[in-house]
Amino acid sequence: MSEIITYREALRVAMSEAMQKDERVFLMGEDVGRYGGSFAVSMGLLEQFGSERIIDTPLSESAFTGAGIGAALNGMRPIVEIMTVNFSLLALDQIMNNAATILHMSGGQFHVPLVIRMATGGGKQLGAQHSHSLEGWYAHIPGLKVLTPATVQDAYDMVGLALADPDPVLIFENSLLYNAKGALERQAEPLKIGKALVHREGKDLSIFTYGISLFKSLEAAEILSKEGIGAEVIDLRSLRPLDDETMIRSVRKTHRVLIVDEGWKSGSISAEIMARINEQAFYELDAPMMRVCSAEVPFPYAHHLEQAALPQPEKIVAAAKKLMEGI
Amino acid sequence: MSTFVMPSLGADMKSAVLMEWKVKEGDPVTKGMVIAEVETSKGVIEIEVFEDGIIEKLLVEEETDCTVGTPLALIRSKDEAVNTKPTTQDLPKSPSEILKEPEHEIMLAAERIKASPAARKRAQELGIELASLGADKEAIHLAQIESEITAKIPQPSGMRQAIAKAMSRSNAEIPHYYLSASVNMTPALHWLEEYNKNRSIQDRILPTALLIRAVVYVLKEVPELNGFWKDDGLQMSMQINPGIAIALRKEGLITPAILEAGQMDLDATMQALGDLITRTRSGKLRNTEITQQTITITNLGDLGVENVYGVIYPPQVALVGFGRIMDAPWAQGDTLCVRKVMQATLAGDHRATDGRTGGKFLDRLNQILQTPEELL
Amino acid sequence: MSEEQIKESIINQIVLIAPDIDPDEILPDKNIQRSLEIDSFDFLKMLTALDVELGVAVPEADYGQVDTLNHMIAYFAKRIVS
Amino acid sequence: MEIEYELLEHYYRQMLLIRRFEEKCVEMYSHEKIRGFLHLYIGEEAIAVGVMDAVGPEDNILATYREHGHAIARGILPKTIMAEMFGKAEGCCLGRGGSMHLFDAATRFYGGSAIVAAGLPLAVGMALADKMMKRGRVTVCFFGDGAVAEGEFHESLNLAALWQLPILFVCENNRYGMGTALELSQSEPNLAQKALSYRITASQVDGMDVLEVAKAAKHAVLQIKEVGGPVFLECLAYRFRGHSMFDAELYRNKAEVEEWKKKDPLLALQSKLESESSWTNTKKDEIEKEVAAIIDEAVAYAEQGTLEPLEDLEKFVYSSGADQ
């Protein structure tokens, strides 16, 4: 039995259910309580669970993220909400130097079952300090898992998957998706962490993408199909671990690869995907791989400039056609 | 005119001493021929030439140490006029001069055929030369390679039709004549058994390979049967590419060629046959193998057939058939004994040759099979 | 190695060479090559594979002893044991 | 309060063990048995020994990269620490951590952190968990004077006070953040003052006197458990050795070091013991021998230790196994 709810509600429902089931779960972050969450994700949870489990923090990203790690080390299942990915950089020390390393440094004695949620992505004219997609950076770090739910179902499932994981898991929520509606099946068997999902089958080219770019890619695939080009659209869902198997299987089928990522190109997850395909399926490629990424600028404020900086369905269509021509 | 230079035989080879010229000026050379010996840090190595032609000039004396890239000889192609005085243009340049030349790099880039990795891999699997696809500007993609094979290899369903068509045409157009000879295979089989005794199973030579080798051997003496009937005339082929009839399990028959079988000894023939059968069964034939047969050999012995009266594949002019090898009475001098006997049959195109040629062929074939060691 | 295992190895090889053959239809006392249309090349390939698998190389002189499935099983069984 | 003789002897034993252990570390480092950075605690042993005496096995300990002393005082076996520094599989972290990253689940010793002040937020979280679960535990967080300049220090003190968390902050003020004197990095060199500004009970103690440290720490733990909220203890001390093994000590003069060495916590405790009737030279030699035996055993254990197999290189990146 499925219901139609928003991405935001899916996250809230998932957290609420987890907190009901497990007293070790709590939510901590800036304005998650009385304000209801800067993107209203945790609206109503304070009333439901009280201020001991829905904890408003001061603007101390490093300390409250570190506190999440400490609590996780000490038997809790904290969810830390960081308002946007740009702010997470203030907590990068804790995420990189503690969350990702303690299991290894301690020779496997201590693990960090921490979930960190944060908003990512541009498109809301928030300028160059609120709009970037830095999830690819985090995917660089061994010891972390990086999830990027695109659908309502994944938003719901991934909170549960992340909480069940014994290691630190980062969930990146594109802020434009919070209002998106979709079907949620609460009893559905969630996919495992690190499994990509083929959203649309196609024989001519593979589009690897995640997050909000999934929907832009699906839109592009629809346009392409009218022109007789079959695009296979794969939602990576997890940037670390990457699902090499599903990607390579698709490459073997289509022999052409297009990566759509709202992050920048240079030194990015899209570059990593290309490298892996190159390492594992070079001889399957029938054309150079292509990318549609964000323009390499700090995000501008003006609407037309920002839209021009972002991946768009038209850009994806154009790139796909070029790819089919063999470039 | 081209320049033959000291080759690089390894990444760590900087130079080598030219020890001995195996050719002199004016000698014809063919691709792959060893023309000199050089001493490297890893010992003496023979170096080969990469084209056909005539040695115009040897540029380096024996016992000279030459860095990699040093011009060693000038090679004139056969149809190039003899040039007694090489012009300055022809004079080889030292490697440092070559490096200075900007066109050099551009030329190398142009020589590399643009093809996708997938296309390259598939072409290699199928033995398709990328150069043969004539792509000079556009990159070659997988689809081109795939269309190349689907165009050339009839699909099993269509194969029956293709055979039917070829055979009807053959029967309608070609006036066949047939000749047959009984061959005493005992010496050949006995010799083969001895030959195989000391070899591992996978290195064993099959009688079929010996028969193919024998046919190729004799075709060099009777070249009239190796070629095509084209434009109302016989065109003998320099290459001997016997098409070997290979039954596909599902249905149909295909006769891909062992290319350049004339260049092969017995072991190489066996190897080529094994390779050809394997690739035929897995559908990975090269287009030249299914288009450039110069004669057909059918061996239905495995099926217990005694005589094979084949139909010539046009535009070829002959087909050799081998039946089953079986014990049969055989007169040897005054005595009658039991021998391994096989019927060899020749189907000839009467427009191209006559019975005399065919008879000579079968006679020589019979003879050579009595002294199989010559086929090594 | 039991005769059953040898039989399985042989049938596996036959099926590899001729995937269209139903193992249940292999008649144990019929000439393998002729009844299953396996040519001398495939037969050689089969013996090569069986050599690798069972460690018994069949010399050409013994081809007459490995003409049927039953003969083949007996031939290999004897040599594997010894 | 009259201190029992046994306790004094215990402190002495512990401090001597740390001192001799680290002296052996210097030797092993010079022989290239120990590599990486080696930060010595010599001169500051009284702090770790004094504080550890105030806490129980259920309490949590977070330390810095100068933590051999804390680890030994907490009860991690010297031989597993030595093996760890030798990079051996028998080390307390299977050779994955090294000198700066000693961890031990059995004694609730949460490292060994080489990012200055990065342990403070962890302490906040650990104490938060204990408070939420009403476990009654104390989290002891050691850090140096250098940490006070970090934002994480201030964020964490604020949170600890704001949420009234059971944390004992132990600031080991040895007067230098690496080679920069405290006066050159803090506008207010009285570090306890900073804690007070967050409304945290704070005091300065003589970190060269184990009895003073222990007394203050016991008071602090009592307050945390009885009253709640954090306590801040600034222990004034001095490190006798350089910041790490590779330190020419250009930033301080020898006379200053010699002056402080007169207050050597080990010698100070020894002179206290000498006024005790139970203390004899024979006793002293016995203890010295016992300690030497422990250290010889540690070195032998580390020497004989095995190497983690290379195939396990990517172990402990994720709990369930290697990354993809």
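Which chain is which? They are A, B, C and D, in the order written, and residues in each are numbered from 1.
Heads up, the rule we're going with is that contacts are C-beta pairs under 8 Å (C-beta built on N, C-alpha and C of every residue); 3 or more make two chains touch, one makes a residue touch a chain.
As the structure is a prediction and not an experimental result, all values here were calculated from the model.
Q: Using CA atom means as chain centres, which chain is nearest the centre of all the protein shown?
A: Looking at where each chain's C-alpha mean falls, the closest to the middle is A.
Q: Quick check: more C-beta contact pairs in A-D or A-B?
A: The comparison resolves to A-D.
Q: Mind checking the centre-to-centre distance between chain C and chain D? Centres are C-alpha means, answer in whole Å.
A: Here chain C and chain D have centroids separated by 75 Å.
Q: Report the inter-centroid distance (CA atoms only) between chain A and chain D in whole Å.
A: The computed centroid separation for chain A versus chain D comes out at 40 Å.
Q: How many Å are there between the centre of chain A and the centre of chain B, using C-alpha atoms for each centre?
A: About 59 Å separates the centre of chain A from that of chain B.
Q: Report, in whole Å, the distance between the mean C-alpha point of chain B and the mean C-alpha point of chain C.
A: 33
Q: Note the residues in chain C that touch 2 or more other chains, in rising order.
A: Within chain C, no residue contacts more than one other chain.
Q: Got the chain D residues that touch at least 2 other chains?
A: none
Q: Which of line, ring, star, complete or other matches the graph of chains that touch?
A: line
Q: Touching pairs of chains, all of them, please.
A: Chain pairs that touch: A-B, A-D, B-C.
Q: Applying the document's contact rule, which stretches of chain B touch chain C when the two form their complex?
A: For this pair, the touching residues of chain B are 192-193, 196-197, 200-202, 204, 206-208, 247, 249-250, 273-274, 277, 302-304.
Q: Going by the contact rule at the top, pick out the chain A residues touching chain D in the complex.
A: Residues in contact with chain D: 26, 52-53, 57-58, 60, 62-76, 78, 93-94, 97-98, 102-111, 142-143, 145, 166-167, 194, 240-242, 244.
Q: What residues on chain C touch chain B, complex-wise?
A: Touching chain B from chain C are residues 18-20, 33-34, 37, 39-42, 44, 47-48, 51, 57-61.
Q: Can you list the chain B residues touching chain A in their complex?
A: 116-121, 138-139, 141-143
Q: Sort out for me which residues of chain D touch chain A in the complex.
A: Interface residues on chain D, with respect to chain A: 60, 91-97, 101, 103-105, 110-113, 115, 118, 120-130, 132-133, 139, 151-152, 155-156, 158-159, 162, 314-320, 323-324.
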